[in-house]
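Look for chain A in each of the two complexes below; its partner is chain B in the first and chain C in the second.
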Partner chain A sequence: MVRYNPTVLERPSSINEAAQLLKKWGSKARIVAGNTTIYELANQGGLDDVDTVIDLSKLNLNYITRYDGSLHIGAMTRFVELASSNLTGNDSYFAAKEAAMKLTPPQIRNMATIGGSACSGIPFYDMPVTLLAIDAEFHATSSDEGERTIKAEDFFIDYFVTTLRAEELLTEIVCPNKERSSSSFVKLGRTTIDFALVNAAVNITLEPKRNRMSEVRIALGAVAATPIRAKSAEDFLIGQEPSRENIIKAASLGLDFEPSPSLHASSKYKKRVIPILVRDALFAAVNRVLRT
Partner chain B sequence: MKTILNVNDESYEVEAALGTSLCDVIRETIGLTGVKKGCDSGGCGMCTVLMDKHPIFSCMTPFWRAENKKILTVEGLADQDRLSKLQESFVQNHAPQCGYCTPAMLLVAKALLDSNPHPTDGEIRSALGGVLCRCTGYNPYVNAIMQAAREPRSK
Partner chain C sequence: MSIDTSKTFDIEGVRAVLIGTDFPKPSTEDTPPLAYQEVLYANQGVLAVAAETRVIAEIALEKTEIRYEELPAIFDPDQAMRTDAPVQISHPGEILEAPNVGKHVRVYRGNVTEAFSQADHVIENTFRTAGESHFQLEPLTFLAQADPDGGVTIWGTSSGPHKTQVEVANYLKMDPSLIRVKVGFLGGWFGSKEESHVAAVCAALALKAKRPVKLELSREETLTATGIRHPAVIHIKDGVSDKGKIIARQIRVIYDGGAYGSLSNSLLNNSVIVAAGVYNIPNFELNGYRVYTNRVPGTPKRAPLGYQMTWAVECQMDNLASTLELDPLEFRRLNILRNDDENVLGEIMESISHEKALTEVAKAIEWGKEAEPDEIWSTGKGLAVGVKWGPAGPHQAMVKINPSGRVEVWADLIENGQGIYTGVAQLAATEFGIPIKSVTLVPFIRGSESETTGLSGGASASRQLAAVGKAVILACEDAKRKVADKAAERLHIPPSDLMIKAGKIFSKTSNHSISISDLFTQASVLPSKLATSSFVQGNDFVGFGTVLYELGTIDNATGQPNGPLTPYYVTVAQAAEVAVNKETGKIKVKKIAAAMDVGKAINPELVRHQIIGSVVMGLSAALAEELSFSEGRITNPTLADYKILTASDIPIIQPIIIETPYKGGPYGAKGAGEPSTVPTAAAVRNAIHDAVGVWLNDLPITAEKVLEEMDAHA
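Showing the complex of A and B:
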């Protein structure tokens, strides 16, 4: 039974106005970005207490720009725009484009937003795990406390829960630029249009003058309540050459805990596929760095 | 909420509860039932319409999001009684079987050919990826779109 029956539609035309509306309505309000998660959440009874929807489509938060080398993605940017952006494998944050391109079907790419994907707090979505790997920062604003910046590590808290408070609004996601760095995203689903059974994103950075890795970030999705980093594998690779042997060894280290089972993939199955996904993601990222 | 929607180049004044999907408004309020309702949760693609030329799931879109946009449904493809080239090609290739997914297939095919007049087999299959055919008759659809792409198009 659909119990979702909002009675007020707010369409703010500025970030300030949106922040004030969020303060006014609090947890009675729900922000609508691409709307692709809203109805399903409502069907599950997750929006019973919501009577106001706040539509952000008039905020001009749909943009992708680069300054000081960093990539700035407006929270209302849709997957289709990121997928057709001019990012290349030379960019340390290339995985963001790769994840957007791999999101299917095309109808969802035309609707879903990057900010909505992050704020849904759903650990098997493709963008959260990618943003964690590429070291993204989240810019949020509220009428009482103004702006704050949140690291990806601190953004995702639990299933459906992010660190954002009810009166806070995500405005922009900033992905830092790193020299001699690239990233990749890989996904295992039952079919290409399905949600991930497990997904992985990595970002590797080489030292300025020699082919040793100075920074390695490996993130996995659909294995815990939030996207999470594989620290043992990262630690193993730092200071090492990005060789085939090192990558396979690191990937075999997997996670430091049991991955959570889901309807279509047991914990045991996930433990078997994680090393393969991590290996493939590392190979792809390393190839992109060494090619340039 | 009351608003005006532009569907197939006609304006419709519609009134519905805020939580109502574009799919329900097009079918129930406007009465254009070429838009189908399958899973009602973005999994099957039956409800696909074009919004400003891009395919979207109307079951996942609040109807008020279509304000000031141009919506195209399967009813807007033919010119009076004359089928579009794409529709003709679907007929000639026996593409529709039960027909339930055909409106959505036509619309994703139209969006594809409008932006990419000579798609590859892979590009066609990617474009159709969001529309399930439970008769599993995908190949005739691909062939029909290939044929339409080869012929000069009037629409």
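Showing the complex of A and C:
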């Protein structure tokens, strides 16, 4: 039986008003963006204590812009817009576009938002792992403490938990542009329309004058309570040439921990396929950066 | 279990409350409307409340106190069959030969033991199928209203109004003629709407509340509480000669049918028909068990219990071919049943085309032609062949000719997306030589109604075109005879010299003719020209047709049936081409060629779509669908966790129609709705073996299972 039965719908028309409403209602309120995850959470009984819904659709947080090379994505931007925008083609954050394009089914792609995807704190979603890999920053605001910027590293805390406080609102996600940098996202699901059994996103940056990697970020999803970085593989690759051999070696270093099992994939299977996903994501990113 | 409903009425707006013991004591093994004193499976209905609004009903449910005393439960059919099983489930009227064995069927032919001792190879394997949901789009929904004569009318998601009528009458111990059932278009069913316990709850609430009551199950309730495809464990032991002839086969199959008998017990013969109808094997034994456990009852899903058997037999066939180092196609040909062969049930096979179907599908995927080698994706091809049975019982139809020549067909026809209205209208139009638009199918206009249409088992067993359609043709012939008799009087020509076409009656030997409208008398029902009506003096031009299939039963002592178990066999064969990712185990099905012998394709386009739809369902079962259980509870009752294939996962499907006429069918046609779902999973599994050399014996086949097997054999 669905007990989720909110009685108040708030539709603030400014960020300030939204922040004040969040302060007023506290944990009794939930923000709705694309209305996709919240539906499933409600079905699972995870929102029984919620009596107020705050709809952000009037805040004009639906935008994609670029300045200083960085990509600024409003929290209410839908996946379909991210997938089709011609501003998201830059290699450094191309993985975000790839993740948006690969989100199925199209009905969800048309409704779900990047902010909602990040704030849900669901570790097998495609966008959190991607945002971690491309070194995104999260802009949040609250009526008491104003704006703050959070690194992707610090944003995801646990299953369904992010660093955002109950009265805090995510407004924008910024994807930095790095020179000679490239990213990629890959996913393994059971069927075409499926959550990831495992997903991976990578971002590599080459030194300015030679083909050696100065920065490598490899993030994995659906393996722990948050998206998580494969540090051993990253450390191995830094300072190395992006050769086929190096990538295969790095990918095989895998994880330093047991990936969490799910209904559809055991820990053993995840361990078995993670190196393949990491390898493929690195190959794709390297091919892209060397091509230019 | 004790239920205290004293507070259920505390909230205003509650109109009726029912618990299991408000219904007559169960008298059969069928799932009762609500649990009767004991709950036998998780999510079984225990309490029903009718209220002015849904919210009031939900509050009333919460105010009701239900206390359970936890009793031991059994979830594993193997354990359930042991003599010391801690739980023994049985139902009124049942005498079980062993603990929890709702039904046992035994077939025996020749001498299996002796043949095994003479065989060059004896090979045995165990195969498993998963519990599945039907996942039809439309969940179970009923609306009921008390009638002034003490009866009740039920509108709802039923696979057949007559079946629901008699089942609800039995649940409520009422005269069946007081139960009226109307069925409109269904949003798919695949067997999920076969049983009537939910309809009985709705009807009983309406009778008690004296108000119309709507009862709509959620997706989750439909999935967890009303029946699943029977999980099965099938063990096959074969004795084969070096030359590739199967000389003995022994099968032991156990179906987990859940806590109630429902349709599982009566359907056990389906597995026999499938095991008997494909290969020519001189020595044969089959023991089939339908076992009770404390799980949601099994209910028919597209080719019930035969689907599971085909999976096992067709997997085993490739294992045998591999041991003998024979081509799987050649090995099947060496053992296949042909027309005029006698099968292990003593039936002489007719109107089958197993060999032709196999040959056609093999050709369609270029059997024997190797794919280009690829570093990551390994390609393979696989085959499977199978049969599907036909319906049992009575089927009636009535046809009425109107003065304009328009023909009305009154028959129990359920349209659930397959195009049955088109097919049957074609039959009547052909019989009368009129365009299809001059046929009125009454169920199309009014829904299928228990009180106005002839008897039928509804849509189950792919019976509608084959059996109801045949009854419609017989009714057309009867009506035409009556027209001819009347025309003969008027034309002074013997009726045998007359034929009917396009609204006219013609002499076959002279140029005399008369139109049907001229056989009617014109008269006014009121003194007004506008109120002039036509009628037939004497006999109405109404024809009736009945088809009755009386089938045999198996005597376990002799191991043989006392008559045919099916009116006909439908041949199906499929060939699959798959690619397997050697690194992740992921399976991409590239193509399925699917042949079905429908006897006669009344509407070839609709037949092709039945083939495609069946293959899609078969693929989804092969690669994705599985209900997970924990202590008898289904743990994945949502689409987020219960995986089904969708359009983007579906490969090229090439339907191939074969026509070997069946003399009892309309123009030779047989039922086409279910058969093509039977061989898909085995064809894919055999192709996976061809690609990467591993055998997968348990459904569904997942990437993880493939990779695990590959690692184990590396």
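Here, the second predicted complex is superposed on the first by the 288 of 292 C-alpha atoms of A that agree within 3 Å, B and C clash if a C-alpha of one lies under 4 Å from a C-alpha of the other, contacts with A are read in each partner's own complex, and residues count from 1 in each chain.
Going forward, a residue touches a chain if its C-beta (ideal position, glycine included) is under 8 Å from a C-beta of that chain, and two chains touch if they have at least 3 such contacts.
This structure is a prediction, so every number in the text was calculated from the model and none was measured.
Chemist: What is the contact status of A:252 with respect to chain B (first) and chain C (second): first, second, both, or neither?
Modeler: In the superposition, A:252 contacts neither chain B nor chain C.
Chemist: Once the shared chain is lined up, is A:4 touching chain B (first), chain C (second), both, or neither of them?
Modeler: A:4: touches chain B, not chain C.
Chemist: Can A:43 be said to touch chain B (first), chain C (second), both, or neither?
Modeler: The answer is both, since A:43 touches chain B and chain C.
Chemist: Could you tell me if A:272 is touching chain B, chain C, both of them or neither one (first, second, both, neither)?
Modeler: The answer is second: A:272 touches chain C but not chain B.
Chemist: Once the shared chain is lined up, is A:104 touching chain B (first), chain C (second), both, or neither of them?
Modeler: both
Chemist: Going by the contact rule set out at the top, does A:264 touch chain B (first), chain C (second), both, or neither?
Modeler: Second partner only, chain C.
Chemist: Report the partner of chain A that touches more of its residues: chain B or chain C.
Modeler: After superposing on chain A, more of chain A is contacted by B.
Chemist: Determine, under the contact definition given at the top, whether A:211 touches first (chain B), second (chain C), both, or neither.
Modeler: The answer is neither, since A:211 touches no partner chain.
Chemist: Quick one: classify A:188 as touching chain B (first), chain C (second), both or neither.
Modeler: second
Chemist: Can you pull the chain A residues that chain B and chain C both touch?
Modeler: 40, 43, 104-105, 192-193
Chemist: Going by the contact rule set out above, which residues of chain A touch chain C in the complex?
Modeler: Going through chain A, the ones touching chain C are 1, 40, 43, 104-105, 188, 190-195, 263-266, 268-269, 272-273, 276.
Chemist: Under the touch definition given earlier, write down the residues of chain C that touch chain A in their complex.
Modeler: 58, 61, 583-584, 586, 623-624, 628, 635-636, 638, 640-641, 643-646, 648-649, 702-704, 707-708, 711
Chemist: Can you check the complex and tell me which residues of chain B touch chain A?
Modeler: Its residues touching chain A are 1, 17-19, 21, 40-42, 45, 48, 51, 54-57, 59-62, 64-65, 108, 126-127, 129-131.
Chemist: Hey, which residues of chain A end up touching chain B in the complex?
Modeler: 2, 4-9, 32, 35-36, 38-40, 42-43, 53, 55, 57, 80, 104-108, 110-111, 192-193
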